[in-house]
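Have a look at this one before I ask anything.
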């Protein structure tokens, strides 16, 4: 993730980064442009239609469906953004959780118990680290797929690493309790943090392996496709060759939102807009080391 | 559920899966097409109406109601998606819960206590399994219906299975406490997970047996029906026979959203868009076995 | 509540149940129809206005305000549905709560302690039962009214029944603790459920006795009224007598949403769309008996 | 607050209460009416403009901005309603909290301990009472203002009363624990309620002293003002003197929403739409007396 | 933050504060005005286009995209406001938390233990104070940036101050427990507040260092830019030189929303609309001193 200054309008408007939707959409933009030119050529040169043709009234359909498509895109944008923001919250909770556990153990363990301090100093940031690897792996994304994935079979007998780290941390803490190094009251006080690790992991996995229902994704793409491809028929009659940039701009505006939503929806990949989970786990490492 | 790559536009646009709304709507599409053709024939050939007829201004009604219908469809889409996503969250919580319980018991029970370990290793995934069966049964869906269902009477004396599994787990845990195998502090630490099983079950039942209020469902269907069926009267005058594909496309766009919402609303059936609860309970089985 | 199959379009479109908004709105529909006919008669026969009259441009006002009215109706729909769904969640929580309490006590109380088991077997479902009566009484609805209600004075010295049942349950549980039949750790484990009863009751009372602010309700009704009553003036000129069904349909669409919202907003009455709280409390009775 | 029957359309439409927005807006309505008349006079009599003037196309701007203004008003309505409803939830939580605390103490304290029972019987409802006074005072509203308020200095050395009542309750409860009148387990069970008092107070203060960001409030008012004041220029040409009621109605619809939002936003004042916090604290008094 | 009276319409409409968007947008407004004038001059004087030109139909594109842009701006407004309000809630929680901790310790610590009372009286408000400094520092904003920031290197070896204050508070509380000055039950009762400090800090950091995904910010700015810059081409033909104020007003309305969202999004800066975190931490200081 790149931190940016949102007030720098000039840079945002005139520079095109590699992940900009204009770049991603370039082939589509060219295709739509050519298609509109073709329709314009057919209607204006070949069929010589005029503005009085009935086909011109097709625009009534487009204006009627504009609301529906706008609403749908907003629904798409909201649900994608909610996942992204929920992902960010979860990693924020992981940071808090790691800090709190370190802070509590730092106070409960005797200053001279180097051995146990070392253990937690290593294992707490370890959890964030293995979780970040876990969330970027292909197996996690396909965990709920009903198709077989023979290509992943080789790796599949690897166990669920974050669970194992969590189990190590819990076992050590329980042993401290059994050895009376911490009291029962202190165990209860530690419980929330211990529990929270796997909760966060499970919620991240949920975001990762469950995109929005396929039927919405399919319907929206089909809808945009037919909507944009019927635009030239009426626009060419009222705008002539000016219809080409107009259709392109509408295509760009509508598909950009879908493209951005697709990218944002899975916030744990390494894309430019995705969450900086590697950076966050480095920060956890730094903070925990300070506290223990 | 099929995991899909949302960036594959080509496949989404040109392939029609069996659950695609186009397929479901085919009879309706044909009906609406024929109806529009009939109106077109009547108005253009039989009555020979022209664009100056007053009926053409009917379109003012449609443009006014477009907002209302779009808003309603978005309300419908949002509430259906919220149920689906809440269902997903609940099953995610069930995963976390099962993992946490396994992880804690794995640390608390002595390594050599094979007997109790075996019990939990079997019963924790069992809960997810019986819950998935419970949620797909017809009795669960009709639990709040005020009509009599004599056809279900034969099965009705089966008891509430998930509750019984939860009771078994809780009883065993309480016995461990009474036999001093776990301390009171540890019982408190285990409490959240034990409690959470029935909470998740109850919330899933709520989603299953309470669709959105019937009056919304009825009103929306009536509204779409009259809206689409009055479209041809004015469109035929401005678009002639082109009105047929136009009315069909509008019909397709509006009803698709309602159709998808109906399917998504009950996320525990085995449809293509529904939650992979069987797969999830298999994953729970695998993870719990690793941890105990 | 009637459980319904949302996919049965045919039945929804062509059958009119007694609670259908069309039925409720019938007087209004007739009134609006007559009014539009009157305006049509006056403008077309008496004043003989033509389409070139300035009054026709009144439609610009209507198209401008359509957004505002649609947005408001969606706000109304959302807030009413949220109350209904919150009410459903609360009763779902009551189910979970009763189950969990029964399940825990079933494990904690010795099998032979028939006396206490009987007590909880009776009192836990009793709470749901008295709550359902409490929520349907007129006193509950008017609990926050600042006007005097002398007609209710006779019943008013009845005390708050759900609170008394909750107090009985809590007192018995505390006595079990004092008599050392359950330990302190077990009391803590039971605490969440004991507490939850009155929380649920309070939240249901809130939904019952606090409708949305009167100013929104008033404004929306006034707005719809003036909006619909000014429609005929311009529509009659462009649609002649066709304006009658058109105005009726717009009136139907807009007021239906308000009518449904009014009904849904108080989800504890016995209407067809309301929550089946009696059925739910019967189910609680059945499940608790199984678990204790 | 007045409890009302939302189904009484007739009364809502034809009666104007003192707090009705029509009444509040009367000066504005007259001003806008006069202004529109002035523009009408100038354009029609003095400049004798006709419908073919370019100024008539100004309406294109208004139709474009209608969406933006509707959306903004819905954002305003939603955020104001959310505060109002959150305020209601908080006072509902205060009711639950007071009941639960009374109910628990009623069970824990020995029946003969009149002294402590009396204390809680008096202090629990006292908290609701002082909170209601606290929330209606001007000091609370201005707690975060950065300007100096010398006019409030005289009262400012009064301390934070709700905090002091909460401190008294907590201190007494802690003393009961130290005197072994309640056990540690019981203290933990009471903790949630004791904590909740100040949490509710803090959340109410937040709603009271933080209106929505001033920039939104300013922008919305400026926007409505310029939007409405440019309406007559084009409307007069298409509607002649009919523009006067039309502009008035649009002005009424848009500003009403802002006016209602302003009133709802601070739900603790004594306005007709505000929360009945005095009534609620009386109810708490009644219920707590029953339970202790 | 300035507390304001939202009912003072006159002042809001006619006064322009320094942070008003009109002031911020002045250069843009002048630029857009000049650009529109240029297009008007070219089209009307140089090319002498008339209303019948095809370019006039460009307005069909603008009316189609108006919905999309309004929806996007509302999405932007909502997500920015949510952050601002979440920030306010967090600081409200910090107030509650500090009060509760002070109130509990005030009751638990013996009246004569001046030493420990002094410690908490100083350290609890200290946390709010160092957090407010921490949230205004540039390092916090850039904590997740992947670029190197050599200019910040000099300060970077400063440690995470709020964590250290939290560690001091927790350590002291744990020592009180070990020295038996507070019991285990009391430690559990104090746990929620101790934990909450770092949770609040982490959540504030999240809001601070994670703006909305750059792709939305970029897309929205590009979209507004092209939308506004193509407006004059068609408006000039229908509105002549009147197009200049019209385009300026549309530009003002659209960009204002983006500008306000940018400012609100980071609620911890010292801007006029930002949260009064310094004032809040002063209030915490005052209230805690009263309670301990």
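Observations on the structure shown:
Letters are used for the chains, namely A, B, C, D and E, taken in the order the chains are written, and counting of residues starts over at 1 for each.
To be clear about the criterion, contacts are C-beta pairs under 8 Å (C-beta built on N, C-alpha and C of every residue); 3 or more make two chains touch, one makes a residue touch a chain.
By chain, with names taken from UniProt: A, B, C, D, E = Bestrophin.
Because the structure is predicted, anything quoted here is derived from the model rather than measured.
Centre-to-centre spacing of subunit A and subunit C amounts to 37 Å, using the average Cα coordinate of each chain. Centre to centre, using the average C-alpha position, subunit C and subunit D are separated by 23 Å. Those residues of subunit B in touch with two or more other chains are numbered 63, 67, 71, 74, 184-185, 188.
Chain contact topology: the protein chains form a single closed ring, every chain touching exactly two others. Chain order round the ring, anchored at subunit A and oriented towards subunit B, is A, B, C, D, E.
The residues of subunit C lying in touch with subunit D in their complex are 54-55, 57-58, 60-61, 63-65, 67-68, 70-72, 74-75, 79, 141-147, 159-160, 163-164, 166-167, 170-171, 173-175, 177, 184-185, 187-188, 191, 195, 198-199, 201-203, 205-206, 209-219, 221-223, 225-226, 230, 262, 265. For subunit D in complex with subunit C, the touching residues are 1-4, 6-7, 9, 12-13, 17, 19-22, 59, 62-63, 66-67, 70-71, 73-74, 77-78, 81, 84-85, 88-89, 92-93, 95-96, 99-100, 103-104, 106-108, 183-186, 188-189, 192, 235, 238-240, 242, 246, 249-250, 253-254, 256-257, 260, 263-264, 272-273, 275-276, 279-280, 283, 287, 290-291.
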